[in-house]
Amino acid sequence: MELSEAPHAIEAILFVSGEAVSVPDLSQALGLSEMETMHAVEALQKEYESATRGIALRRFGDHLKLETRAEYAPYVERMLQPVQRQSLSQASLETLAVIAYRQPVTKGVVELVRGVKCDYSVQSLLHKGLIKEVGRKEALGRPILYATTDKFLEHFGITDVRELPPLPAVSAVEATPEPPLVP
Amino acid sequence: MAIHIRLKQFDGPLDLLLHLIGKAKIDIKDIFVSEITEQFIQAVRDAPDFDLEAASEFIAMAALLVEIKSRALLPKPPKPEDEEDPEQTLIERLTAYKQFKEGAQGMASYEQTAMQAFGKLPEEIPLPPPTLEIDGLTLEALWCALRRIAEREPQGVRETEYRLQDIRRDCYTVEGCMEVIESRLSVGSTDFDGLFRDAPCREEVVTIFLALLELLKLGKAHVTQSDTFGRMLLHPGRRQTFGTE
Amino acid sequence: MELSEAPHAIEAILFVSGEAVSVPDLSQALGLSEMETMHAVEALQKEYESATRGIALRRFGDHLKLETRAEYAPYVERMLQPVQRQSLSQASLETLAVIAYRQPVTKGVVELVRGVKCDYSVQSLLHKGLIKEVGRKEALGRPILYATTDKFLEHFGITDVRELPPLPAVSAVEATPEPPLVP
């Protein structure tokens, strides 16, 4: 092959391979001596160094590899894993409201206030990182206590739960006592 | 002249006709002053891989060729203006087919060139957990949620007290619970969650549930649900599998 | 992101993805408008064209892909077993030719031109992603209309259907029942 073409043939091989390729293997594929191959590698390295690029040529001993530059990793990740958009159901929003105003609070209280089972919405809020477990209540069954997270504050654009709007005047959210027995 | 042709080699009768025309080195429009019709019929008749399904298009074409040929032998009556000339139509179809067949050949050479370019396998990259963005989280939405709870709350308390007295008496045997559920169903459909809303202890919940399963089995009740995690409704009697229910 | 960085972020994304990536997906990952993304793509294309390279940036419709240059294929093949695209059968190629030159087109027209049933080849082309349904013809039975995809462009190594070789001139008579789409 033409010596002047060798650097780009090497680039093509490294690109398709994805993995590190050794200089002896390269020189065999190109039909060049190892010396000639090394010269071509150096020429290619110079090209890659002289310009800002999204990909870089790295050398490990006598192995060569093409890699993405670390500074572009966030974009690559965003590409491979796009942000998922979701919205909260009415049920989850109600559960979140009760927890926000009564925290730390047990699921039992949330269920008593809302009048329905809340296992599903509590799980979903935990999964979304809007609430977290903050300990256990010293009561029969030692039920888990829930509170809102920093992510909750971030989502609502406030710095502290005290910035939440005041409760409606006479509200079940405030009035409902602990249930006598937590299911 | 004996021609041995395997019909399967050809993509339909037009393909075979083009092949014969090519072999005879004639122009498409000269097809009916040549031996092509005879050769085509011969090929279809002799086809060793004759199978009716695959060959039906070939047979239809053979029939058309014979028809055209026989018309040529008859004295021509004056032709109405708008009548299609089958001979002309076939020549047009053959011409169009030849055009696309050659187009396909041109595309095949592009394909060959494109196959000389290699991509790279996607890389396997460990990814952080996906970012979740939640829509509709506003203080106003939170406030509305609280208002909804407050608005329906008093009713909920009354129901709870009422049911505490009503169920405790009977719920410790499956038979007793069945009676309660049945009596409730006797005045119409009821909410599944309503059976449990005050659920004071595990035995009651389990017993009521067993009673309900028993009623379903006996066909004295059935359940409907509009969607997953949606409200479940109990109705008296067996489910109607006909009509609009 | 800095607009000047965008071309190299795109290069990094295309390198990692391996497969063709659409401009909308790219612009979402970069947090740029599609217009800004296209400008960055054009800048990157200029970089790739100005220097001799082993790899090329190819555009297929609104999909982008990095590929090796054809002239280095022998070296790549000698070294690796690259993932090779399968060539199409004669029947598929003929069906595809009618769809490509006459799109959007119904199966009925394809069958009329080819003189055979085309259910199988149409199914197979749909399955390979080379054609897609693009609507229905306002005619009896509302038959489905088919057109080619960006994957079709990729398979034949062209940026736009207008780059297909022109159909050979009709020698005898103006041929098909509908006027041919002149690309």
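Note that the chains are named A, B and C in the order they appear, and that numbering of residues resets to 1 at the start of each chain.
Everything below uses one rule, namely that a contact is a pair of C-beta atoms (placed from the backbone, for glycine too) under 8 Å apart; a residue touches a chain by one contact, two chains touch by 3 or more.
Please read all numbers here as calculations on a predicted model, not as lab measurements.
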Review point. Taking mean CA positions as centres, which chain lies farthest from chain B?
Key: A
Check your understanding: Which two chains have the most contacts between them?
Key -> B-C
Study note, to complete from the structure: So, in whole Å, the Cα centroid of chain A is separated from that of chain B by 36
Review point. Roughly how far is chain A from chain C, going centre to centre by Cα mean, in whole Å?
Key: 33
Point to revise | Rounded Å distance, chain B centre to chain C centre (Cα mean) | key: 26
Practice item. Mark out which residues of chain A touch at least two other chains, giving numbers and ranges. Key: 12, 15-16, 76, 80
Check your understanding: Got the chain B residues that touch at least 2 other chains?
Key -> 118-121, 123, 125
Revision key, fill the gap. Per the touch rule, the chain B residues reaching chain C in their complex are 11-15, 27-29, 57, 61, 88, 91-93, 95-104, 106-108, 110-123, 125
Point to revise | In the complex with chain A, residue positions of chain B that touch it | key: 118-121, 123, 125, 127-128, 130-139, 141-143, 145-150, 152-153, 156, 193, 197, 199-201, 229
Practice item. Spell out the residues on chain C that touch chain B in their complex, using ranges where they run on. Key: 15-19, 56, 58, 65-70, 73, 76, 82-85, 87-88, 90-91, 93-94, 96-98, 100-101, 112-117, 154-158, 164-165, 167-168, 170-176
Practice item. Give every residue of chain C touching chain A within the complex, in rising order. Key: 1, 5, 7-17, 21, 25-26, 28-31, 47, 51-55, 66, 68-69, 71-72, 75-76, 78-80, 82
